[in-house]
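Right after this note come the structures.
In the two complexes that follow, chain A is the common piece, with chain B as its partner first and chain C second.
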Partner chain A sequence: MALLSFLARRISQGVVIIFLVTLLIFTLLRVVPGDPVRLMAGGMAPEALIEEIAKEMGLRDPILVQFGRYMTGVVQGDFGQSFTRPASGASTGGTGFGDSSRGDRADVLTLIGDTLPMTLQLAALAVIFALIITFLIGTPAGLAPNRWPDRLAFYVSSIFVSLPNFWLGIVLALLFSVKLGWLPAIGYKGFAYTILPAIVLAIELSPVLIRNLSGSLSAVMQSPFISFGRVRGLGRRRIVYGHALRNASVPLLNLLGIQISGLLGGVLVVEFIFDYPGLGLLTINAVLQRDFPLIQGIAIITSAIFVLINIVVDLIASTIDPRLEY
Partner chain B sequence: MSMNRRDFLSRTAALGVGAGLLQLNPSAIVSPAFAQSKPLVFLSAENITGNWDPTAHTTLSQKNVEGFVMGFLVRNPMTVENPDEVVYELAESLKLIDADTIEIKLRQGVKFHDGKDFKAEDVKATFEYGSQPDRPAQWYPGPTETLTITTPDDYTVVVDTSKGGYPAHLFMFLAGFLPIMSSADIAQGPKGPISQRLNGTGPFKFVEQRGNDTVLEAYEGYFKGKPVIPGINFSFVGDSTTRMLSLMNGQASIVERLEPEQVGTLEGNDKVAISRVTSVENKYLWFRCSKAPFDNPLVRRAACHAIDRSVLLEVLGDAGAASANFVSPVKFGYIDLPNYPEFDAEKCQALLAEAGFPKGEGLPPLEYITSVGFYPKTKEYGEVITAMLQEQGFQVELSVLEIAAWNERLYDRPGGGPGHMIDCGWSTGSPEPDLILRTHFHSSSKRITGIEDKELDASLDKERSAATLEERKTILQTETMPMIADKVPALSLFTSVMIHAHDKSLTGLFIYPDGSMDASKATLG
Partner chain C sequence: MISVPILSVRDLTVSLRSEEGGRNIVSDVSLDLAPREIVGIIGASGSGKSVLSRALVNWIDPPLEIASGSVTYKNENIFTLPPRRMRALRKEIAYVGANPQGALDPTLPVGRQIVEKIQALVPELSRADAERRVIELLAAVRIPSPASRFHEYPSQFSGGMMQRALIVDALATNPAFLVADNVTQPLDVTIAAQVMRLMRELTERFDTAVVFVSSSLPILNDSADQILVLAEGRIVERQVPERLVHSPQHPYTTQLISEIPQIWTDTAPVVPKIPRQGTPLISIKNAFRTYHVRKRGTFASYSEVRAVRDVSFDVFPGENFGIVGESGCGKSTLMRLLSRLEMPDSGSVICGGQNISRLWRADLLKFRKDFQLVLQDPFNSLPPRTPIGEIIGGPLRVHGVRSADQRRKQVLAVMEEVGLASSLFDELPLGLSAGQRQRVNVARALVLDPKVLIMDETLSALDQTEQFKLLKLFSDLQTKHGLTYIFISHDMAMVRRVCNRIAVMYLGEVVEIADNTKLFFDPGHPYTKALLSAIPTLETRRYDPEECLLDGEPPSPIDLPPGCGFASRCPKAFGRCRVETPLLMPDGPDGEAACFLVPSYPPQPVTAAAA
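For the complex of A and B:
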């Protein structure tokens, strides 16, 4: 019952957040410079035609009227059609308004549905890599505070946090793809194309996780229940892996939830550099092309994902540590 | 050795994982990505439009795809050494019967990719369709009703332009630029198959659009013989570093629009070759001539004399070449104009004073708009131009915009286009100079500048209506082009050098100066 009430509360909060995010994005898109109708109609289209199309599409109505119309569609599962992309999904531009293929525009939901799994795959691999790095470096550091493993963790985290992801992406592609020929780097023709971008994202994610894990593990190791464990005759491995790490993982998990939400910023840059056909690349092209329906659709879906991730993180945290309440 | 229950469980679990790992084939993850792909992989800097009708767009990347798939009556290699060279393809001859009539004899035995025989009806349908006023590309010299096209037999086309009052020889240059479509496709209208796929007579067949990849395959029935390379994957990749890395790791065969500093990196790579072609594209500083202060030719000339173009070329490195005209040196009629405005601070100040703005006093704040992401070094040389203009008293502010926002502000509109100056290049794969001069400086078009000048109109009409090409060249070089240099509605800054980098094993590829390619004889690997 408590679980159901928790879910109902968090989901209703999530709906409000998504609604506010959508309203914000919707408004911002309409006040920044750049008229999408001019892009759709072609630069050479006369002003009268621009106004005619804009009125036809309702783009000259008050923002709240446009928003109401949009949200009515969204609740019925209609996120609209891309302004610029044809059904083939190709990134397009420069077409003229009289363009007969305009009736053949791609559905926003289809475009997101095609690219979201790619980004989820990339994000999942990045999180796996980040956790591996975090546990390999953070655990010894937490077990040996102020000694060399701790200092090593500090230096590694400092280096990782200082590496710009666009630079790291290029360097890793040069090293592993161009020089060594171990991994492909550009585009996507199979799972191997996910590895390098995932490493870049993992390196971006891991410094905060390493510091968090080493700090909380070191604190947990000072707790009375650890001493009791020793008194009970438990081995060090059992104490560390069975008790200390489990307790140290709760703050790590909460942090991971926030970090995954922040992953989108990294995904935008990394997918662009690696030409990885995920939601990040789709977003960048949509912004460059002022593809309003697509940008709005992406904003709604990503904010929904963030809300879900945070609900799931809270659920898992309370499973690990039953003292936490819903 | 003792073993407790926990140890037993953890060790058997470890054994299970180990056994599972042994079953994994790591080559399935790593190796196949590096298998040498045989088709040519072209990474383009620009996206396509999504509508395959060649008359529906002016997008360079899509013109490049058309270059592989479509057939042309003739091709113009437009090299600096031999700018007038003509290579006959679907046409066997182009003959001016008189000033208003051109006869085109066609090659026999050519088939479209869908199996239809290529005949005179296709040329007639293409010319008539492309000239329709509603076609967005507007490459043709006049609307359909100004043309009378007859087909005395299946392989002869006669174009009569007398109703339009312009000479028939305009079709000689355009013949190398206009892709020939199937009359059967055209008959189904702009909403028919013509917009959904390309159907031509060129060396490669359109197969499908797969996301951002346009997939082409070698056409067995190509009239010059089936190409050696089995196909082409033409893909849009927006980032120039990504394109370069793809070439370096062997995923791409050829990439375009290299940044000058990337040339240095790639020149040290023994698996990569660099191709430099003086292009048909000039880069311009366009003045908004329909509003103050650039409605005054004296102020425009003053601004031109404030700019030292040799410094811009230093910034551009390999990506630019000096020129002193409003068209590229590979275009018909090019000469280095004796009166082309050069850097001269004294002249600049004298003109400003004559215009009533001594040392720039009284001039309004000016906005100069440029883009980043497509043309090389625009921001860098934009900053140089801004500094040069400021030094002479122009209060200029540079607005650097990403492509979509810049494109939205590019063209003229009622009351004048946004800002006071804007940066843009103009590239048309034909020797025809009017695709630039008339497009931009005649008051019937005035795409970016918004200029309306009766003297210029008269001169542009006069050169277009010249009875012969020789006469036209004389008018262009002695009258029209010098007049444009006096009125400077735009300043051509330099001619772009099209820089491609490709796999060294790629041979036999010819790159035209607009960036399109002939890969019919290319071999790879």
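For the complex of A and C:
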């Protein structure tokens, strides 16, 4: 019952958030420079034709009218069709505008549905790698504040945080694919193609997580119940793994919720570098082509994912620490 | 009686290592603990008793270190044991401390953590057996519905229950001896008395020897076979309790005994009745305050915490008015209403003829100047990075004293009055003792030359010696400035010493208001009797704990039962108490009590009885 009311409250809050995000994206897209029709029709198309197409597509109506029309579709599960992509294949771009191809443009949902699982796979692997790095480096650091493991963690996270992801991506691709030939890098033909980009993302994620874990772990190790645990006869391993890490993981989890939201920025760059056919690559192309419906669709789906992730994070956090209200 | 001691301590010295070199906290302590014996160790705060009790269970962490000496258990010095063997010994060596709330992992159920300890130390016991044993023990320490409490988290236990759970934790592995360090210190008096009674019973039942460390001689006096007096880390005297109290040998012991507050003796302080005339300075009328707290795990339903219910009383100029009660009785909420940190939901607080709920801006500032508050916690109530002079001068700035010279002059004057050296003006409060910090707090309130000081547990954090000094200071200030004090406290002995009139609160209501002598010698309410029976004192008690002491804890202010709030714990409750709420009725010329047993209480109306 408690769980249901929690879910009801958080999901209704989430719907409001998603609505606001959509409204914002929708308005901004139409306010900032860059006419999608000009890109669709090509630079040489006459002004009159462009106006005609734009009117036909409803792009000259007031923004709120356009938004209302769009949301009516969204509520019914219709996210519209891409401006530029045919249902059959690659993006057409602006050069070959022809009436024939406009009839069968790709559904936004289909486009997202094809790429989203790829990105989720990449993000999940990145988070797993990041957590492994975090626990391997952060735990000893938290247990030995101001001694060498702590300093090591500090150096490692300083280095990680200073590495630009586009540079790191290229270097790792050079090293592991070109020189050593251990891992494939460009495109996607199987799970192995996810590993390199995931490592790059993990290295981007981990510095903050390491600092957070070692900080909260060393704070928890100062709590009375830790030193009293020794007097009660608990072994060191039990105290550290059974109690200290358990308590320290709550702030880590909350941070992870925020960090995953920040992951999108990294995904954009990393997918572009590795030509990984995920949501990030789709987003970049959609933005470059002013593909309004696609950008809006991606915004809705990603904000829905963030809302879900944060609900899940809060749920897990409150199972670990019952004092947290959900 | 010749018996081999379980534990023998020889020439134990513990020192604090710092950059300037070592300082001994505990010096040359030797003691023996016979099987089933209870040894009491008494000392003031700072006497090294906590360090000593930790050393007895080999729990000394840097910067403290064992400088010399030994603690021998089963023919081995536990300081030299390798960690693995020491850990195994934890089964036989148990410890209960003064901080029950912090002692267990807040994220796991209490029962599960005790089981975890049993399994770590007695691996041969199965999990189911361990759980059964924990539930049995929880029942033995009178935790209600132990089987469901087993699955609850530390934050769901009250302080008293948590302390009992930790006693279970300590006794769960049948230890040979138990070190109890100030276990009753954080607890309310009636709960502390319950816990003490319980510890005595359990140690007898489980054949456990106990080292009982406390700063309160009355508590040790009731239970120990032998008492050691610790002063500045050294044992200065050891005696059986009666001899210690009646013929103390060491001057320190004499002083310690002289500081124990007197309640009913001929030498007890007499606080005169102050003629109540003119208009009251503060008049609180039918005040209610309810907090709305969202129910855990619901969408939009709220619980009502009824913190203050229908409280009315007057405080007259020059009076020392006491408000006493145990934690959760609503006395802090009442303080917040009196100081207009919050406003009552209904009813009014009238100070100096004005309803303070209606005051705004300039008028409110004027009110604040006259009614100042001194808080409980000497450590958190002072900003750590502000110089003392600036802390005390802060209120002056708020109240419009622009000139820095003028402020400095006034601050130095008030610092001298409260006994702070003027050299402290530019110092930070970091190095100050608790007593000095409370003086800063008093100075900060006094600098505005107020009419009323509200003392919310101001002396609770101080030891007896400091309390004496500050109370002397308060009375000097009162003579000089004509102050009126309101003391909010749980400490009956302190209230006995200074308050002319005392209000006793229980579950948000005032259950009795009476003059000092009347309240302590002839209380009208059974709850007041219970409080009096639980005061730690060496005197023959006027009120026998066996008769008056309560079982259980106050009900939650969320689900108030109908009728008298005290009925569920009252030894004298009868039918009427469970249906009708008693009102304050005159009980003799000097007091009022809210109990149907007060002689002047009108009999139950016939109609209500018929219904």
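Operating definition for what follows: the second predicted complex is superposed on the first by the 321 of 326 C-alpha atoms of A that agree within 3 Å, B and C clash if a C-alpha of one lies under 4 Å from a C-alpha of the other, contacts with A are read in each partner's own complex, and residues count from 1 in each chain.
We adopt the following convention: contacts are C-beta pairs under 8 Å (C-beta built on N, C-alpha and C of every residue); 3 or more make two chains touch, one makes a residue touch a chain.
Quantities reported herein were computed from a predicted structural model and do not represent experimental measurements.
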Exercise. Answer with clash or fit: chain B and chain C placed together on chain A by superposition.
Key: fit
Quiz item: Between chain B (first) and chain C (second), which, if any, makes contact with A:Gln259: first, second, both or neither?
Solution: neither
Exercise. Using the superposed model, measure off the angle between the directions from the CA centre of chain A to chain B and to chain C, in steps of 10°.
Key: 160
Practice problem: Check the residue A:Gly233 against both partner chains and state whether it touches chain B (first), chain C (second), both, or neither. | Solution: second
Exercise. Please indicate which partner A:Ser206 is in contact with in the superposed arrangement: first for chain B, second for chain C, both, or neither.
Key: neither
Exercise. Once the structures are superposed on A, label A:Gly187 by its partner contacts, choosing first (chain B), second (chain C), both or neither.
Key: first
Practice problem: Once the structures are superposed on A, label A:Ser223 by its partner contacts, choosing first (chain B), second (chain C), both or neither. | Solution: second
Quiz prompt | Dominant toucher of chain A (residue count), chain B or chain C | solution = B
Exercise. Return first, second, both or neither, reflecting whether A:Ser214 touches chain B, chain C, both chains, or no partner chain.
Key: neither
Practice problem: For A:Ala8, decide between first (touching chain B), second (touching chain C), both and neither. | Solution: second
Practice problem: Determine the nearest approach in Å between the Cα atoms of chain B and those of chain C after overlaying the two structures. | Solution: 7
Quiz item: Do chain B and chain C land on any of the same chain A residues, and which?
Solution: 238
Quiz item: Taking the complex as given, what residues does chain C use to touch chain A?
Solution: 57, 59, 61, 87-88, 90-91, 95, 97, 99, 102-108, 116-117, 120-121, 153, 155, 169, 173, 294, 296-299
Quiz item: Inside the complex, what are the residues of chain B that reach chain A?
Solution: 6, 29-30, 32-34, 46-53, 56-59, 62, 134, 136-137, 189-191, 195-196, 208-212, 214, 235-239, 241-242, 245-246, 248-252, 373, 402-405, 407-408, 410-411, 413-414, 447
Quiz item: Which residues, counting only chain A, touch chain B once they are in their complex?
Solution: 33-35, 38-39, 42-44, 47, 84-86, 88-103, 170, 173-174, 177-178, 181-187, 189-193, 195, 238, 272-275, 277, 284-285, 288-290
Practice problem: Give every residue of chain A touching chain C within the complex, in rising order. | Solution: 1-3, 5-6, 8-9, 223-225, 227-235, 238, 242-243, 246-247, 250, 320-323, 325-326
